[in-house]
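In what follows, subunit A forms one complex with subunit B and a second complex with subunit C.
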Partner chain A sequence: MSLYVVWIATYSISCFCIITFSFILTLRTARTVGAAKKRAFISQWRPVLTQCLTTYPEALPLLKRHERRLFLHLWVTFQESVTGEAHARLKRLARELDLHKIALTYTRPHRGDLALLAVTALGHLQESHAWETLAQLLSHSNRTLSLAAARALVRIDTVRGLSLVLPFLATRQDWSVLNTSLVLKEIGQSISAPLLAQQALSRSSDVAARLITLIKAIRGLSALPLVRKLIERHPNDVTIVCAALDLFSECHDPRDLPQIRHYTLHSNWIIRLHAAMALGKMGTLDDEIRLMALLSDSEWWVRYRAAESLSGLPVMTRRRLAELAEAVPDKSNADLIAHFVHHADFYHRNARCPSLA
Partner chain B sequence: MTPSFQSQILLVEDSDDAVVILRFLLEREGFCVLHASDGKQAQELISKMPPPALAILDVMLPFMSGLQLIRLIRGKREWNSVPILMLTSDEAERDVLDAFAHGAKDYVKKPYNPKELLARIRNLLASEA
Partner chain C sequence: MIGPIVLSAFEYLFLLYVVAGNLVYLAINLVAYLALVRSRSHRSIDALPKRLSGLEPPISILAPAYNEEATIATAVRSLLQLSYTGYEVIVVNDGSSDRTLNVLIEEFELTPIPDVYHPSLPTKPIKAVYGSPRYPALRIVDKENGGKADALNAGINLSRCPLFCCVDADSILDRDGLLRIVQPFLDDPRTVACGGTIRIANGCDFRGGFVATIGLPKNWLALIQTVEYLRAFLFGRMGWSPLNAMLIISGAFGLFHRETVIQAGGYRVQTIGEDMELVVRLHRHLLSKRLPYRIAYVPDPICWTEAPENLDALRLQRIRWQRGLCESLAGNRQLLFQHHGGAVAWLAFPFMAIWEWLGPLFDFAGYTFIFICALFGFVSFHVAVAFAALGLALGVFLSVSALLLEELTFHAYPKMRHVTLQFAIAIAENFGYRQLTNWWRLVGFVQWFRGTQASWGSRARLEAWKAQ
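After this line comes the complex of A and B, so read on.
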């Protein structure tokens, strides 16, 4: 009986080892074969794509079925690296290889990275047949995929794409400002910024502030008149005013200086804080006195940003800042300025005239 | 300026595909390309090799940023006059300003037009000649 048990155990363990070994061997073989196929693909197709950078190839190799995914990846990488004539030649190459049809079959969200590549490729190829598919992806929960679809739509048809994408820009909080700004840059700030500002005029504070932040991300100078109108309507809305002050400081339009200076006196300290920061970016030497006054603010953050902004004023020097620190009667405020005497980035502004630094 | 085959370019870029593209464009123009894929490798090359005709640096690199590399190059006497061209992303306005402040001579935003890139390189080399 015991011999029988030993025999069964030995047999089972042997079977288990053989199955495991076979499984590992199969996986390793599949991996080696996959790597060899990838190498063969790269050695065949990378020269074709690099040639497209300068001239269109006379003859193209056959794109095999198993190479389609790899080609999609390589093509998108090349397409996103260059502009100009090379860009057009790469598009011609993709069309000739039916990449637009191949990409359309990969757009289902469950395909993960492949779907993302396919959507990106369809945008670059301006494939109008993908319109409905891409429009549906706008509301998909995967934010990367939905944003890629938004970008592809505006690449295919700017005007139609913008009308589709605009409502999502306001409401999809999960779309990061940086990545959303890439969609807006595809459209061009002169077109997209006023439309965003127009939307902001009729939206709630939070949405309006998000739209203004997007305008800031694309440095939408053309939206400034509408944003000025917006803060005229809501002069005490903290969310809107702060977003607008940040935008003004990014756009550097001197017509906004009086408004920024006005807000340094606002009753809400968060608004005063943003006004102080904006003055640091676009204030003039005349604002030294305003910023010095903010050093007596009841809020520490306002005093800190005022000190920082003093160091950011044009032609401010380390020596002048040290003099201001000495002139401040309050020791803790003097220390705030002294901090920037040592840490402010005078180098960039005074690089051409080292004696100033 | 038509480059000779002796014109070496140090290329510091971590993306393999970007290197393939740049190498192709530069070698086609007759340059000899020395490539480092991260800050450490670049540092090693800078300490060993004679100064090249030009250095092309990506801003974002593993181990050491492109800006740190500019500082390193400018701190080395023999390399002090090597013109530096930075490769930056479209969103990196601050990087461009920093690069100029640290001593870069020019920059190209990615994605770039190959013709424009080569024209800028030729200009840099001509101004240094």
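After this line comes the complex of A and C, so read on.
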């Protein structure tokens, strides 16, 4: 009996392998045929879209039903690659071919890749009829799709879109800072940064730090007053203070220098590290003494970044650095400065090692 | 009376072991399929033109090198051309006895530079650090020989970025490999490590330090390994990754959060499978601290590596891998059924222990038992053939599943001939090759059990790589 079962299992699995292989071959054949069709499509439509970059084409080829997906992809690729007036011509072309209607039929999440392209296209086309559909997608579990919907919404109507998207910026931890910053850049820092800072004021420290990081990503100068207020409220919250120090160093507002200098004396070494790095980016020659003091810090990374910041101070010369290295009593700390003296000579200040982010 | 009952019990036990193992593989296959489909659901958007945002975290690429004079210059030049905003390349020459260091000095016009670093991890002494004015992102560390793990620890000490990427000095990354492998770190701040896919470079054409044309190797041993690698990565890694239970990130290409690795103690010098051991220990360390974390796998960033083309090199590699696996699991056995351990402690670790760690032993015992029983007439010849046929069919099935996953997702090997050839390989590898690698795994197991001394090992490089 058991032998019988073993043979049946063996035959079944073997048959399944053959069926699977046949399926693989079918897939490959279909893909080969599809690739040939795609080549033909591209050779017909790429010149049309390329012409759109300079002038609007006089006559358009017929867009066949089975070519819609390919066209959507090609059109979005062009839209994402160009700037200026070409955008308007590409939009006119898409509307003439009813791409806005086609894209609307593809927005259901189960369509995966196609839904993403459709949502992106609707944003570029500023299709107001898609508003409700896109707003619903904001809360979808697929982070790529929900972010694409957010981007489309702010493209269609910046102010309305921002009011919808803003609460999600704080709550959706799965939206990466990098991709979210793309949405915020669409809006512009002058509008989005103060709103983000306002949100940060009423959120937990982790969320607030994330929002400050977003402000930094879009270089949100207009948010600085609110961030200063936030740091006053939470002067010892490591995540908030570090994020704020990074933002200050990105924005280069001299009014933040006293705060940064103050944090070089903080009891937490991570805060001292960020303060040292911020001084390196926006400190003055007056900060030499503070950075020299940090060279005696108990943490190696604070000492290292202090030495790096010293070398990066404005009007800091090789000679002055060498003098400072000699003045340092501890040899290992003198070596830190010597390292950057050599580094500056060696690489002629063309490239600095990537800093600890 | 008792004899036949014992025999029958063994028979069923062996059958149960084979069937259960394959059922688990099948389940992993299914999870991998779902995860791959999900990961591919935004491929069109990923393919859209992108500008580097400058928000990508800086990465230190660590390339330990031991007697790599033939390929090191090409590999480093390729690493220096990756598409990424902020990264540095640190090549650690681990006391090579050939001209590895001289080749690097000549090729990149290196001179010694004073360098400072914080020795967070203990390593063998560093003799010198070299830099190149022409390539500011490149540093070469020359140190006393201490093994690959020691070289990587030295690289970690010298790295100045929050993430480090370990690569083998004989491997070639895809140009946008770093951009893709960093994605989980951007998407989820809990990510502490991420692995990418390794594929066989033999048979591919290289231009300018990158893969120009993908092809299958002509050498039959390397050809078989292309199917093996698909199996290992497309469903081995992809299946466990959604459960956050991946126990291996290949040493040839992995991205790690530097501070977390330092807190876990860095690479363990005493082991030969330092890559797997680190990942298993990271799980154990972070679970014991009750810290939220994620160890991810991204299938698209691809690293091309040279596969052994002769039996001797393959034997050494497989013995080394098995020993590494044994050391990794035995050294972190506390992870097994760890309280609050989740899928890694309750599924992945037991699975690896039974089917990968002790697998060669069970396989050998099972086949020997059936053979002896058939020889002495305790089991009929038909029974032995039936069991062998079932094992064969299951083996082919797993390989064909991997081919299906590949076809549904990346279909990297472009020609119809490639697909057919790989299917033929999926069948042929079960006649001799798989038994041979199982035997080497058993040897690795025995060597681990006896505590035989292990080393880096070396192998002759292919002419094609030297000629690049």
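By definition in this document, the second predicted complex is superposed on the first by the 311 of 357 C-alpha atoms of A that agree within 3 Å, B and C clash if a C-alpha of one lies under 4 Å from a C-alpha of the other, contacts with A are read in each partner's own complex, and residues count from 1 in each chain.
One rule holds in what follows: a residue touches a chain if its C-beta (ideal position, glycine included) is under 8 Å from a C-beta of that chain, and two chains touch if they have at least 3 such contacts.
Nothing here was measured: the structure is a model prediction, and the numbers come from that model.
A.B. asks: Tell me the contact category for A:293 with respect to subunit B and subunit C: first, second, both or neither.
C.D. replies: In the superposed model, A:293 contacts neither subunit B nor subunit C.
A.B. asks: Between subunit B (first) and subunit C (second), which, if any, makes contact with A:80: first, second, both or neither?
C.D. replies: After superposing on A, A:80 lies in contact with both subunit B and subunit C.
A.B. asks: Now for A:159: first (subunit B), second (subunit C), both, or neither, which partner does it touch?
C.D. replies: neither
A.B. asks: Could you tell me if A:327 is touching subunit B, subunit C, both of them or neither one (first, second, both, neither)?
C.D. replies: Touch partners of A:327: none, neither subunit B nor subunit C.
A.B. asks: When the two structures are overlaid on chain A, which partner does A:338 contact: first (subunit B), second (subunit C), both, or neither?
C.D. replies: second
A.B. asks: See if subunit A has more residues touched by subunit B or by subunit C, and give me that chain.
C.D. replies: Partner touching more subunit A residues in the overlay: C.
A.B. asks: Considering only the touch criterion stated at the top, classify A:27 as touching first (subunit B), second (subunit C), both, or neither.
C.D. replies: In the superposition, A:27 touches subunit C alone.
A.B. asks: So, does A:315 touch the first partner subunit B, the second partner subunit C, both, or neither?
C.D. replies: In the superposition, A:315 touches no partner, neither subunit B nor subunit C.
A.B. asks: Which partner does A:50 contact after superposing on A: first (subunit B), second (subunit C), both, neither?
C.D. replies: In the superposition, A:50 touches subunit B alone.
A.B. asks: Find the residues of subunit A that appear in the contact set with subunit B and again in the contact set with subunit C.
C.D. replies: Of subunit A, residues 77, 80-81, 178, 181-182, 347-348, 351 contact subunit B in one complex and subunit C in the other.
A.B. asks: In their complex, what parts of subunit C are in touch with subunit A?
C.D. replies: By the definition above, subunit C touches subunit A via 11-12, 15, 37, 40-45, 47-49, 53, 55-58, 86-88, 113-116, 118, 131, 133, 136-137, 160-162, 186-189, 382-383, 386-387, 389-390, 392-394, 396-397, 400-401, 403-404, 407-408, 411, 416, 419-420, 423.
A.B. asks: Can you tell me which positions in subunit A touch subunit B when the two form their complex?
C.D. replies: Of all residues in subunit A, those touching subunit B are 46, 50, 53-54, 74, 77-78, 80-87, 178, 181-182, 185, 347-348, 351.
A.B. asks: Which of the residues in subunit B come into contact with subunit A in the complex?
C.D. replies: Result: residues 17-18, 20-21, 24-25, 28, 90-91, 97-98, 101, 110-116 of subunit B touch subunit A.
A.B. asks: Looking at the complex, which residues from subunit A come into contact with subunit C?
C.D. replies: 2-3, 6-7, 9-10, 13-14, 16-17, 20-21, 23-25, 27-29, 31-32, 73, 76-77, 80-81, 112-114, 116-117, 120, 142-145, 148, 173-174, 176-179, 181-182, 217, 300-301, 304, 332, 335-336, 338-339, 342-343, 346-348, 350-351, 353-357
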